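Order of writing sets the labels: A, B, C and D. Residues in every chain begin at 1.
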């Protein structure tokens, strides 16, 4: 299996966004990545990690866990400074990228260009959405996954699967109507095994989470409990 | 000497911005970085490289050459996705960062926050400017270096030191008046030893360049010729 | 008929974007607006104008022609400086707004919020798109019109209806599949009656144009010839 | 005295930012503007208003009070959609513009271009700053006024002149050192005559305020009390 291969990714999937947390950066990020890798190996549940861009190349050189960039820019390789291209993400060994996270919203034309460029570079795309109409629009652009995250629940510990199940089911319906090939995962407030169980029961293919794992006292234990609950 | 230490940086300095060029990304970027390191070792002239963010950690883990990020965001570690913090840059092993490149302009309040945050993280700042009044404003914010680059000359091969020497000397004067501790380097169109010689003669502490080296047939030869001409 | 009423708008429609052209600003903009109004009165073909925001209130106070804002921000009335709200557009007497013009691209979540807020404020939305997949995504958000404009043709005088008819027909198909209630108009390079005729023949409900009229020696004559050709 | 003439502006000055408040938009904005004009006439203290852009032309056509835009874009007249040019602001009858408000931050190069373009169009500039180092940088760009507003106090009713007097005095010193021709005003939390008195005592040339007047039950009474306290 090639380094950074999309074939490593199956569902259900748990994607851990390291964000810009100190716990997910540099040495600490490496420890967290290793813990995630162990849970993946142990349970067989696909776990992806999205570390800060500065760490992608280094983590990919020593780990096998699927790595996602947190963001990608809609530019081709060339005279651009401070931009993250599909080629740089792929070249560093990642398998895909988050797009349009609520903390890094993208313009619509750029999302379309990113999805297309990522596909050409053989990268998976996890396109973030905030409500059912936006999920429809996202589906029309053909990403691999849509991650539905109501921004007001991010970081609260209140799971979207409990607080706003209709946002998830509504998004799944919207997406199916427009483009049934796109899978839906959900995020915001996910921190326990029962949250992920509920998410899967609502019809999602997994979850996107961050602080629930990254800021946990024992991230490996939390992630293990989640992965166990994600199993069919 | 610690990894990623500012003490590696002296003047004159040549900073090579790898931009988002394929030649500066992934495996190709590693080769380019090694070539730059050899020239630095051979000549003793400080050469810094600014690779894509995705490669910073990996390059820093195997090379000694001073590495700069191409961009930094004005946020503290925390709940931010797709942002590059001072801590991530430092943690990945870089010594500093470019800021406000003409291809990644920053808002004024963010530049001030970045300069301050970089200082706290012991990172050097190379703040890009486009004309003498902007250079004055930059100087007031106290970066380590100001890189004056008329945007219209970037990538043209027409050296700013020849085409617009008054922009360089005007910027140096403006900067001295406001903050004499800040050093000025220049960029845009630099591709030969004589360009860097002219830049130093005009009073700069070095150059910031990109395509002149990155897109050269033999980057190492070009860089070597430049470094020889940069010597006092 | 109320001031700024949507009921003034029927199809085929010709929307003239005054952009930031001097010819469309202040006194000159007023003259242009009056010329457009005369053509509308004379031909019965709906002509909308999109002047600079600073002129909307004044033009609406003395003219009857349907006025569109060039841009709207996705914020509710409140503590926002330099933003254009739906309420400000409506309050100034306009009937609708352009959204996501290639010169003012919006983030996807903001487009969705703008379309919804405009609807609540009884404003029409003309959502700009650049290619068929983006048109699909736009359709999912439910604007009144989608204006398909390949950015590379804007201002060239090469009509999209001739140069890239498949972009128009492809967009129309994409839009119908996702949301048949949305009408499609097209722009870029439209400057003659035959261009608009071709656009309507391809299935559009009209055109969005700018320099072809605004920078014309005799804008009224050009617009009149267009309106005559737009008639069924 | 010409319409929209800078000669109407003297110090001390009170600038009322209508923001995107409903109370400052459309018909309500017109009433507020008239109240401000009466206070100006009655007291002789310069009062400027910064209404939503959509209302500038209409207000300027029927009132004499100095009007400022809330924002300006750094583009020349031409093919730009949804941008506010110096020419549009001037043409609509305003005397100047706010720049870089904390709710509409600008990139440094754009601020410099805006200040220069505004000067060419004979418009005054009120450049917003958030702390002393940024005030220094602002001063280097040569605006007419710098408005120092700690963002964390905006809309709180806690006057900056009381909570953080050192931010004001520090900014005044920073500005004098770099460019003594620039006048400093202050904002954030200003809602009473004593606040403006304190601001002037600290060395400012006036205040920039918003909710304290716009959201007041009786804006005219509040503004009158302020103007009386601003008198030498």
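The rule we apply is simple: a contact is a pair of C-beta atoms (placed from the backbone, for glycine too) under 8 Å apart; a residue touches a chain by one contact, two chains touch by 3 or more.
Predicted, not measured: the structure shown is a model, and the values here were computed from it.
Although chain A and chain B share one sequence, what matters here is the overlap of their interface residues, and that overlap exceeds half of the numbers used. Seen from the C-alpha centroid of chain C, the farthest chain centroid is that of B. Rounded to whole angstrom, the centroid-to-centroid distance between chain B and chain C, based on C-alpha atoms, equals 44 Å.
A separation of 33 Å divides the Cα centre of chain A from that of chain B.
The distance from the centre of chain A to the centre of chain C, each centre being the mean of the chain's C-alpha atoms, comes to 37 Å. Touching of two or more other chains is recorded for residues 102 of chain D. Note for the complex: chain D touches chain C at residues 17, 19-22, 25-27, 29, 50, 52-59, 61, 69-71, 75, 77-85, 87-92, 94, 98, 101-104, 154-155, 210-211. Contact residues on chain A toward chain C in their complex (touch as defined above): 100, 102, 105-112, 116, 130-131, 133-134, 136-142, 174, 178.
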